[in-house]
């Protein structure tokens, strides 16, 4: 049984575990004030080419989203997201639990937001009888594996600045996005383009941990209070610092993402060769091939994955996710199996 | 420089790191449904002698408190805590941020609550113009290192049941409490006595992780929704399961706590022999000796610790915390240094 | 200038003001425990034919919705509403501000929910990574003037009971609904069919005030705490009791609604005779005729009303609302004016 | 039976009801945009001698407090109040329900806060592990009938500005405060001294209604959103405007308060002459005489009032509240009765 269910099925990249072991018995300050976290933050600023951003290491993605969004918004303000946006559907109302509505904007088929879609939301919220849409939530890669081009992000960024909106990017899979074919964004472009974003560790080789980068001055104040209040200031914050230091000390973060993407590429190519179509164009580590239901059933004997949605009466799209840990042999075996099974 | 500042200065006990390494490349389900978490939960139930409790592994202590308390209470209900209670003063209003008031009850000098103190709170809240006090929050050990005897806990438990109150115990330092001199409670006594409690991992040798035990049926329903909504359902929940499995697979959890206590005992004895008094009677891994301010200054050259409070014009109490990782040599050195410095 | 903008343009029915004057100098208990409120509640129970419901008088509609829904739901539970539902779009995120998501269900063109639409929402929320839909919010009349038949409500009611959902009806315009042509519901049917609902006073002749009726026992407990916590327990609660006593002491409540509907009927007939069509079939006190934009502009010189939505390049639907206070002469004048203007 | 229980036992001053009747059938805009509310706000600005304040009319006091405080604070910030402060004890956790802790400061025996008391709170909240105290809540009169002198308020104001704190005054009984013997504040002094305050209508002759005055620019933005979100934007907002217009059109507001105070003065004098002492020095419309319990029992046959607290084994303090509606004859009768009863 091999799992393509997600990119967090394994533990951490071995170098990360080693780093934890090497530093294990050193005494460090608690609550993110340890020397590793401080160094990791400095290193990230260096990689971003910006010393004026604020960076906080936070255990998980939903947590990062809810802390950032609730810290950035005043009580009557709302977040705008695609229907497929993670905060809209897959975080158990975490944003609403902090008091804020998530307003759905029409997205293109790839789950991406455009200035036009955001404008339509603004138009529909003219006065104080409705919430005030204030923050635009996007993710790169999106929930369905698509990526933003630099041009698309620039347009959205200009629009948001012109309309006094906060542009926030969920980067749970930012590594994969930045290493995708067709991507023309660099990590260091982001502070210019968005007001805040996070660099996902959990889905790219860390045990846990996301690095929230706050680029706009007005959003930085007192931020550690919010982290603490939501229970996200780990006593042993060092374990986040050590991991990010390892991931960004050399090119490990990008190497891991590139591996995941390469494994997805091989799956995509193999499935295309076998004449299977795809639900959407996703150049990243998630692909959505459309398969006969009967074939899906057979595959489930040896592989685990999500059945994403019905496509027609006897076909469905499945989601295959690769990661830093995906083995080439597993890819080969899967492709062989599917070709074999498809014959039947 | 040696730190007695807290019990989370080091990483994790080496056996825990080993366990993470050994399981690292196995594929597991996400979000706490992995085989390690399931096994750890079974093991904990076994240790508690109860199969009918619900157990959830949660990354941190503040998080566990805020999730449990906000899940247990309806909007108009309040928690009762000692003034020194962690939720009252040291969690940045985490409970209030979920909508609930923390009502302060008078505690004895050790920071413990009694039925009389809780009764006084109830008396002061007779009708709907005030919140309805509903949950009694205690911790063992308390913030100032004292412990509840079985008799004390039984009295509080009876009182709470008689008054339809929820009794909740914060066990961030439960290991140390259960291994303290004078303790007559066993882990397996707790499900009978409290409605919910947590077993602290972070301060007793884990990298992170607390095990919340819900004993009362009415409090169990849909609990995973609350964990997810507050951002505490780790994608790689396995890292919590693996750690608790290691801590409770044999006697490691208690061995680590016993070591911490033994180190505190040695400090306590040494300081007593040197004729220093203590702010409070704390049989656990936190002690509060009263020292001349001038001596405190000198000690700070080689040791880090919290200065707890002024006692008189030229004396203060300091807090010394020991842990699973505290070295015997450090204790000896500290005691020698203090005796030497006290001579001057 | 005459306004058809809404049904709260005037003050209160004169009998209500008289009742306030007559009782004015009597000393009464505060916070809704006055003799008038108690009598009004008894009277409403009598009209409902049920002594086992709990009734609370609350100043406004948004307030009633937010108090009831936040009291009924646990933190992870969500309300289901039509896209046009008042809580979804026109209450500034009041429900989300109490921590709960409003999930949109597909409604029919009249803005009404069906079991199928609710089932689709349930299907899309299978587990703890999403909110748990728990309360179905409907309104009668709906935001666009349509009404539920008894059969429709019975179906929805059965579905909700079968799926352990709470069915809640916003009755801001319940008077008009119950007096509409085609209505086959009676006020006394509601406690059987819904778990809670409110009888709107503000839009049917009162200065302010809504009567919330809680029919399901499990939802009644401690309800006055919620009213107080949200700031809705008026010191002089008598002013709500006096008004409902006057409205229901004889048939005044229904007489006022019937008048509003009759005025709308006359508008509807007159406009039909003049060959204007309607956006939707609304048998109540709100109608949505489709007019040429140029005619709308002319009408705006003498009448105020909402322009509801563009229909085509040179037509729009407007909303005309009648009330207990609408004058027959105003209706006649409007119809004459429109016929005159339409000639041009 | 005559009630001295509170200052909201009767309806409204007859002139207010007349004003409601006279304007009753005029068509007005909804939601506080009616001409009466706009005029009332202009009038209040004139009385305050300031055109640059923002004024909002809100139905009730708890509502005003919770809307203002939750709008002014960011999520990690807390309000500071006296233990006796209304928001701390008598609003069912309304402030906490919006997510903010109420931190108790030591007050003097009259329930008033001083710069020293606020400083002590700041000292106890040094970092992000605790809430950030940000808003100082005071009331004039206080819960126990005392008043702030201009000098006291100036000191507190300077302190708050120096420490970047928001100074907020609950003026539920501001009329009585400003007309008390010993008062040297004028209504027009307040915008200089506090950042926001409200002028209480409900307890000074209105049916309902409080006028919130926001003096600091940074606190004004988007305020109507907050009112709407909390359900406090009345559809018929005119009823608030009409009342404040009547109260401040001439000197009615102050005349009513002066009457209430005069009635309390007569009670105070009569009780002093009869040699009864008082719990506290309260120059306003609430007095707290200390009486033998046996006498209290006898009085309760003919008068209703709150028994405030036990003073010794056979004496208690009671609270007597007078209002705009208190009758001179009732005062005379009460004083005669008490003298008569005291003889027995």
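By written order: A, B, C and D. Residues from 1 in each chain.
The rule is simple: a contact is a pair of C-beta atoms (placed from the backbone, for glycine too) under 8 Å apart; a residue touches a chain by one contact, two chains touch by 3 or more.
All values reported here derive from a predicted model rather than from experimental measurement.
Shared contact partners of chain C and chain D, listed by label: A, B. Chain pairs B-D and A-B differ in how many C-beta pairs are in contact, and the one with more is A-B. Seen from the Cα centre of chain B, the chain whose own Cα centre is farthest off is C. Centroids of chain B and chain D (each the mean of its C-alpha atoms) stand 43 Å apart.
Chain centres here are Cα means. That of chain A falls 51 Å from that of chain D. Chain B has its Cα centroid 34 Å from the Cα centroid of chain A.
With touch defined as above, residues shared between interfaces to two or more other chains in chain D number as follows: 75-76, 91-93, 97-99, 128-129, 131, 225, 228-229, 233.
For chain A in complex with chain C, the touching residues are 75-76, 78, 89-93, 96-102, 104, 128-131. Those residues of chain C whose C-beta lies close enough to touch chain B in the complex are 31, 70-71, 74-76, 98-99, 128-129, 131-132, 222, 224-229, 233. Residues 2-3, 5-6, 8-12, 14, 17, 20-21, 23-30, 59-67, 91-94, 97, 202-203, 207-208, 225, 228-236, 238-239, 325 of chain C touch chain D in their complex.
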